[in-house]
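After this come two complexes, each holding chain A, first together with chain B and then together with chain C.
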Partner chain A sequence: MSLGKYWHLFWKFRGIQFMKMTEYRGDFLFWSFISILWTIFNFFAFSLILRVSGNIAGWNQYEMYLLLGTFTIIDAFTWSFFFENMSNYTRQIFKGELDYLLTKPVDAIFLLTTTENSYNGVFRLIIGISVIIYSLIKLNISSSLTGVSLYIILLSSGLLLMYSCWFIIATLAFWVEKLDNINQIIPGFRRILQIPRSVFTGAFSTVLTVLIPLALIASVPSEVLLGRSNLIVIIWLLISTVLTGFAGRIFFNFSIKKYSSVGS
Partner chain B sequence: MLDQLMIKKALISYLKILRFKFINILQWRTELVIWILLDILPFSIMIFVWKAIFGENVEIQQTSFSDVVLFYFLVIIIQGLTSVHFEEYRPTEIRMGRIDFFLVKPYSYLKELVVNDVAAKFLFIILFTPVMILFYRYLSLFTPFSLPNLNLSHWLAFITLLFIAYLLQLLLSMLITLSAFWLEGASGLSHFKWLSISLLSGALIPLPLMPEWLRTLTLALPFKVFYALPIFVIQDATLPTMADWLMVSLSVITLYMTVLFVWKKGVKHYASAGG
Partner chain C sequence: MSSIPAVKVDHLKKHFKVYKKKPGFKGSIESLWHREYETVKAVDDISFNIEQGEIVGFIGQNGAGKTTTLKVLSGLLFPTTGSVSVLGFDPWKRQAAFQKQFSLVMGQKNQLWWDLPAMETFLLNQTIYEVPEKQFRNTLDTLVEILDVKDIINIQVRKLSLGQRMKCELIASLLHNPKVLFLDEPTIGLDVVMQKSLRDFIRQYNKDFGATIILTSHYMDDVKELCERAIMIDRGKKVFDGQLSKLIDKYARNKILSLVFSKEIMKKDLKEFGTIKDWSGSTATLLVPRKEATKRAAKMLTNLPIQDLNIEEVPLEAIIREVFGEENRSHS
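On to the complex of A and B.
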């Protein structure tokens, strides 16, 4: 299948999920409200800390809000897209229902990682973008088109990196009997994304910025907007995204050999 | 005499159920270990944040970095020992009409909720203790922190407060679970529970570092029993006042009565598909 067909299929899935959302409007409003509350809570928690210190590792109040805005965008994707698909993926492995997908003339990983989504994070996404714009105004920073483009590229790269890490962990479902909280592992690491990478020191810094560069996901795009980007770190974020993506595919192809279905 | 015999019989049967539940829960041990690590992680990261904030400063607002580390260490322990999560998945069985079994047996659904969680808590404590000892050793290397001089009354008060906090969490979770008799998205209400506890119990940042209005609000509400009061006992060697004890006791009684009332009403409202 050509790339164009995949693009078309991707948006077809979004359309189907949108129709589902319109069917359960009450559900959508309720969960959107909860996601808004948690977003406000996140900002509030950090405002308490910033009230004490004025800055965190050299990031002042509005620079921190910009970082938290970037985190909020990532969080919107985490719960509305990644979590929905990964839950579906592991559920199909544990129930032995994966053969439905494996026999389709479409890439299995594409189907597994893009079919589902919810729209509960839309307001979270809007809040994240609004906070970034507000922080930029307060910081008196006017970003160039190149800066914004680079921000979007690095944010997408960070999202892909996170998704690939999550996919690798979810693929472990082929190897374990049953692990209901397997999809809570990556969200459990979200706090790392909320703080500047410079907060981590020593061995933790090496682990979280080089080996498993989760600390770069929100920090690096935010640094680009703030005009304090580091070329080596940007390149490393892009390389590690590609490497993790490939690692995810290789691990999936290896693990699928272990799969047994229920004869559906 | 007959009463004593009946109580003894009931106790033995509950211990047997507890043992059975414990064995049943053992299959989820890997999950519990993951939960423990995921519980520790966010607070460990907060320690890095505060380390960056303190920098070269010995104290900020009369609070040292060691105080902050001890605060988060206690938050992790209290959270591990008292948090209850069954309201996130148990409402489904009420919504799906799968609790008939408990309605025809001399073992009510409410008892099932409690016994199941207590068994899981036992296993959690067994796994949690060595992890926390290792974590304590690690934190001691990171920054030296020590407990003030505490006597037996402090430890007794701490354990009692933890027990009450656990009881309150159990009752809150039961109330949310039972709301499934009427509400479709009952499990979503758990978010309100966590938001209220996170915001108003004194678990976010040490009390001396809070803004005045939040500190006043935290100390005025019974949510303080979840974190602020137990932490006060250990970190400041301050025992709760009579008013504190009265407030938390009243909260337990009120919640208990509400749970019983909601259960009675809920069962009448319940309909199943012939399970």
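On to the complex of A and C.
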């Protein structure tokens, strides 16, 4: 199957999920409302801290809002895309329901990671983008097309890194009979994303910016928009994304042999 | 028929390690630090070939290893040892070229999107299998017509009956015109009319597309009507592979004689002819040794006031029960 077909299939799934969403309008409206409330509360909590401290690790109020805007975009993907697919993935492993998916002439990882999504996070995504634009205006920064493009590339890279880490952890489901809350591990760590990477020092810095560079996911793209990017850190974010992606694929191909399905 | 088998299974074994829990609360506590595992031999050294265009019935009791074999053939399960080949491919490699040529239909699982009409799944499968628009429309129209589901393919799947869903499942699985079809209990839970309609369809599909089909079913009518050849497995081992008629010849020791009398007769008058299964005075059903069925029927016609006599084979279900009964006895 060509890349074009995968692209087509990706959007086909989005269309199917949209049709599903329209079947359950009440569910969509309720969870969208909750999502908006949570996002507003998060900004409110940080605004209280910033009102007292003035800055966090050298990031002033609007720089922090820009970082939080980036985090909000990532959070929209976390709950609307990653969580939906990974929950479905682990449920199918535990219940032995991967059968039909594995017989399709499409890359199994592609199907496992792109089939599901919800649209509850759309408003969160809009809020995130709006806050970033507002912060840039307040900071009097006019980003170039190159800067915005690099921001999008690094944000996508960060999202892929996070998704790959999540996929590796979810793939552990092949090795255990049951592992409750396996899909809460990465969301639990996502708090790290909304803090500037410079907060982490010593061993924490080594772990969270080098070994498992989750602290780079929101900070690095935000730094690009703020014009304070570090080339080595950017390269490391890109390399670690590729390495984690490959590691996820190798681990999946190894683990799938443990799949036992269920009898009829 | 081609000389290259469509399906080749060579000394296939699929073993699972399962945890055996001791009963009760004490067993649960013990299981926290010590667990006993045992190896379940779901498939244990079976070999067979299936030629292109054949319909083969896979017969066996629950847990015999039928579905496990189909799942290995579909590339879902990795064989413990042995090798399998379907259309020359190793299923485990899950190559797209192979996956576009086969389909697995499981009566107890579904691939249809539950919250949407079946048509959406058909369109998705068209993209997944890269079926050209013209071929898709032609195949869809044909399948919709044969299975008579024109009115339901645009209704939400969750609002369809089991039989309607099964028909749509079949369409979703056949839109890419697979050359090999693995049908695992496709008629389970369906009423007799729907079972017959699906059987007719499967036969027609085999005829029209020359498809190779492996069928597992608990309904022996499915196997009897569709398959000339049967493979019987028990506890993961193959116990029979051959013509269905030979299975009957080999294991059916009796035939059934159904009798209608022109005047009532006593039960004791029938005892010399065979085992009486049913008697009401004017009718009776007897089990007679298979080889002597004709001779005894002739003798009854001479000695008894018979109005009507019918000689039938014992139902396949009874034969299967007998075979597995023997197997169980030999294992105990």
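Here is the rule we go by: the second predicted complex is superposed on the first by the 262 of 264 C-alpha atoms of A that agree within 3 Å, B and C clash if a C-alpha of one lies under 4 Å from a C-alpha of the other, contacts with A are read in each partner's own complex, and residues count from 1 in each chain.
Definition applied: a contact is a pair of C-beta atoms (placed from the backbone, for glycine too) under 8 Å apart; a residue touches a chain by one contact, two chains touch by 3 or more.
Here the structure is a predicted model, which means the values were calculated and not measured.
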(request) Superpose on chain A as described above, then tell me if chain B and chain C fit or clash. (result) fit
(message) Between chain B and chain C, whom does A:260 touch in the aligned arrangement: first, second, both, or neither?
(response) second
(message) Contacts for A:180 in the overlay, against chain B (first) and chain C (second): which applies, first, second, both or neither?
(response) first
(message) I'd like to know which partner A:8 touches here: chain B for first, chain C for second, both or neither.
(response) second
(message) Looking at A:104 after the superposition, I want to know if it touches chain B, chain C, both of them or none. Which is it: first, second, both, neither?
(response) second
(request) Please indicate which partner A:231 is in contact with in the superposed arrangement: first for chain B, second for chain C, both, or neither. (result) neither
(message) Taking CA centres after the superposition, what's the angle at chain A between the directions to chain B and chain C, given in steps of 10 degrees?
(response) 90
(request) Considering only the touch criterion stated at the top, classify A:53 as touching first (chain B), second (chain C), both, or neither. (result) first
(request) Please work out whether A:16 is in contact with chain B alone, chain C alone, both, or neither, and reply first, second, both or neither. (result) second
(request) Applying the touch criterion given at the start, work out whether A:145 contacts chain B, chain C, both or neither, answering first, second, both or neither. (result) neither
(message) I want to verify one number: the closest Cα approach of chain B to chain C after the superposition, in Å.
(response) 7
(request) Residue by residue on chain A, keep only those touching chain B in one complex and chain C in the other, then list them. (result) none
(request) Sort out for me which residues of chain A touch chain C in the complex. (result) 1, 5, 8-9, 12, 16, 19-20, 23-24, 97-100, 102-106, 108, 177, 256-257, 259-261, 263-264
(message) Which residues of chain B touch chain A once you look at their complex with the stated criterion?
(response) 28, 30-31, 34-35, 37-38, 41-42, 45-46, 48-49, 51-53, 60-61, 184-185, 188, 191, 195, 198-199, 204-205, 209-211, 214
(request) Report the residues of chain C in contact with chain A in the complex, numbered from low to high. (result) 16, 19, 63, 67-68, 71, 74-78, 94, 96-97, 99-100, 102-104, 106-109, 111, 113, 115-116, 120, 123-124, 127-130, 156, 184-185
(message) Quick check on the complex: what are the chain A residues that touch chain B?
(response) 26-27, 30-31, 34, 37-38, 41, 44-45, 48-49, 51-53, 56-57, 176, 179-182, 184-185, 188-189, 191-192, 195, 198-201, 204
